[in-house]
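Shared between the two complexes below is subunit A, which has subunit B as its partner in the first and subunit C in the second.
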Partner chain A sequence: MKTLIVVAHPKLVESGTQQFLKMSLKTSQDVTWHVLEKNSISLNVAAEQKLLQSHDRIIFQFPLYWYSAPALLKHWEDEVLTRNFVYGAGQSLQGKELGIVVSTGDAKQGFSAGGSENYTLSELLKPYQALALKAGMKYLSPFSIFQFAYLTEPEKQRLLVNYQQYVTNPNFNTFHGRELWLEQQLEQKAAASTKPQQLQQILAVIRDNRENLEELKWTLGMIKDDEDE
Partner chain B sequence: MKTLIVVAHPKLVESGTQQFLKMSLKTSQDVTWHVLEKNSISLNVAAEQKLLQSHDRIIFQFPLYWYSAPALLKHWEDEVLTRNFVYGAGQSLQGKELGIVVSTGDAKQGFSAGGSENYTLSELLKPYQALALKAGMKYLSPFSIFQFAYLTEPEKQRLLVNYQQYVTNPNFNTFHGRELWLEQQLEQKAAASTKPQQLQQILAVIRDNRENLEELKWTLGMIKDDEDE
Partner chain C sequence: MDTNQWVKQQLTTLATTSKHYEDRALYVALLDLVTEQQKRLVQSQGEVDGRTWNPSKW
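Let's turn to the complex of A and B:
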């Protein structure tokens, strides 16, 4: 799976969140970090469209400005996502995935009825969901980062792993998918390590746990089937 | 009531809808037609903020591009609507009204669950509603124009009157408010006419109708009150 991260931040270098997210990603052939330049009046539309076509998961990554992406991303959408490319003769994005990585300086609890922002992020990001549906793309549950500056170190570590999964794991939204992804990461780490024994032991424990869990699930399924009869 | 229309259309001169809307408005001291220029990298933020402060009803007028305003308007929002101006120390927009005039090439029935656009305009325009709430403004029910090019002449006439009311009538959303506005318009027309007799007759009929209606309403109210007792 190849992922394209379209990064739209007018003050990218000053953004602690964006720098942290960039550092979280290992350099890999499967992830393209694509920064939208400010004042890019003349976008190369053909090149941008080609870039989109050569990836499977497209991620719009931006800070929330007035309940939407910065103008930078909207300009790119207006120019690059031509009618023909998206839903005319082309349908060039059909079957791909659209994800949103959105950061905000407001607290999570503000985004609810009666909260300081009044609406949920799911409601506010509807235009992107509508775009995905129109393009025949699968809309991924948005990945939101609230008040990054106030996160503790353990919270940042969790954010890092979750973000890596959102970007690189085809099945980041199921427990089974997350587990398999973790196993893969450990295998890679073990293979590259000079002292892989400890990692191999951790891997063995995780695999045992997973097998136990699968057995339990199978038993539970049997019981439910019995009840249905 | 003073109204500011913030017009955001990248191809303004070519837009039949925008030209029609502009022609619909009589030149008046109470309505400001404010066109956002393309490539306005360096907006005069102070001047824009002053303009907003000197009006009571602010209208964002734009064609729907990817389920939102063109980048032109988002750029203006991102630059002009600073935190301090809107909800910090300033709260400069509090008590004003925010209206949206949105045109789209898609048919009305597309904007619903299961329709070609999947969501209603009320859902898609949530970011503007959230902005209004944050700024302490009253959010007006959006004024939408579907497939202008296909409208018949009588439909265009109705659009014209409805648009005039959305821009200039403080109470455009009640029957009583619309009626009073219409009477005012006829009075002005009669005062400026060399042969006002016919207009005066029409006015007399409308007033009679209104009085009859008010009497009926009063009677209806009495009956309901009786039922409640």
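Let's turn to the complex of A and C:
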């Protein structure tokens, strides 16, 4: 799976969140980090469209500005996502995935009915969901980062791995999908290690746990089917 | 020691002693995973036992 991250941040170098996210991906393959330049008056539309076509998961990554993306993403959308490319004769994005990575300086609890912002992020990001629907894309649950500067070290570490999964794990939204992805990471870590035994032993236990869980799930399915009759 | 407890102990050490930040983050995530797996194993086994013990089917 190839992932394209379209980064739209007017003050990219000053953003601790964006630097952290970029650093999270330094060893990942099949990921393209594509920064939208603030001063690019004319975009090379054909090149941008080609870039979109050559990836399977497209991610728009931006800070929330007035409940929306910064203007440079909207400008890029207006120029690159032409009618024929998206839903006319072309339908070039059909079958791909669209994900959103959004950061905000406001607290998570504010984004709910009755909260300080009154609306959930899923509600505010509806235009992207509509775009995905129109383009025949699968819309992924948005990945949100609240108040990055206030995160504790363990929270940042968890954010790093969750973000890696949002970008590279085809099934990041199921527990089983996360199990498989983490096993794969550990396997690669063991293969690159000079002392792989310890990591291989850990991997074997995690794999056993997963297989036992699968078996129990299957047994429960059988019991439930039987109860239903 | 239970094998899962052994794994958690190993991962806890790795999560604090590994040189690279990215590696430490991975071990924290694996520790969370094993904890969640253990919880689900206990819950699923309990559910199998509970549903198997079903007097209405006697």
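Here is the rule we use: the second predicted complex is superposed on the first by the 226 of 229 C-alpha atoms of A that agree within 3 Å, B and C clash if a C-alpha of one lies under 4 Å from a C-alpha of the other, contacts with A are read in each partner's own complex, and residues count from 1 in each chain.
Convention: contacts are C-beta pairs under 8 Å (C-beta built on N, C-alpha and C of every residue); 3 or more make two chains touch, one makes a residue touch a chain.
Since the structure is predicted, the reported quantities are computational estimates derived from the model, not experimental observations.
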- Of the partners subunit B and subunit C, which touch A:202 in the superposed model: first, second, both, neither? second
- Query: Which holds for A:32: it touches subunit B only (first), subunit C only (second), both, or neither?
  - Reply: neither
- Message: Looking at A:66, would you say it contacts subunit B, subunit C, both, or neither? Reply first, second, both or neither.
- Response: first
- Query: Which holds for A:119: it touches subunit B only (first), subunit C only (second), both, or neither?
  - Reply: first
- Which partner does A:130 reach: the first (subunit B), the second (subunit C), both, or neither? first
- Which of subunit B and subunit C A:74 touches, first, second, both or neither: first
- Message: Contact-wise, after the overlay, does A:175 reach subunit B, subunit C, both or neither (first, second, both, neither)?
- Response: second
- Message: Contact-wise, after the overlay, does A:185 reach subunit B, subunit C, both or neither (first, second, both, neither)?
- Response: second
- Which partner does A:220 reach: the first (subunit B), the second (subunit C), both, or neither? second
- Across the two complexes, find the residues of subunit A that touch subunit B and also touch subunit C. none
- So in the complex, which bits of subunit C are touching subunit A? 3-4, 6-7, 10-11, 21-26, 28-30, 32-34, 36-38, 40-41, 44-45, 47-48, 51-52, 54, 57
- So in the complex, which bits of subunit B are touching subunit A? 10, 39, 41, 65-72, 74-75, 77-78, 81, 116-119, 123-124, 126-127, 129-131, 133-134
- For subunit A, which residues are in contact with subunit C within the complex? 24, 26-27, 154, 156-158, 160-161, 175, 178-179, 182, 185-186, 189, 198, 201-202, 205-206, 209-210, 212-213, 216-217, 219-220, 223-224, 227
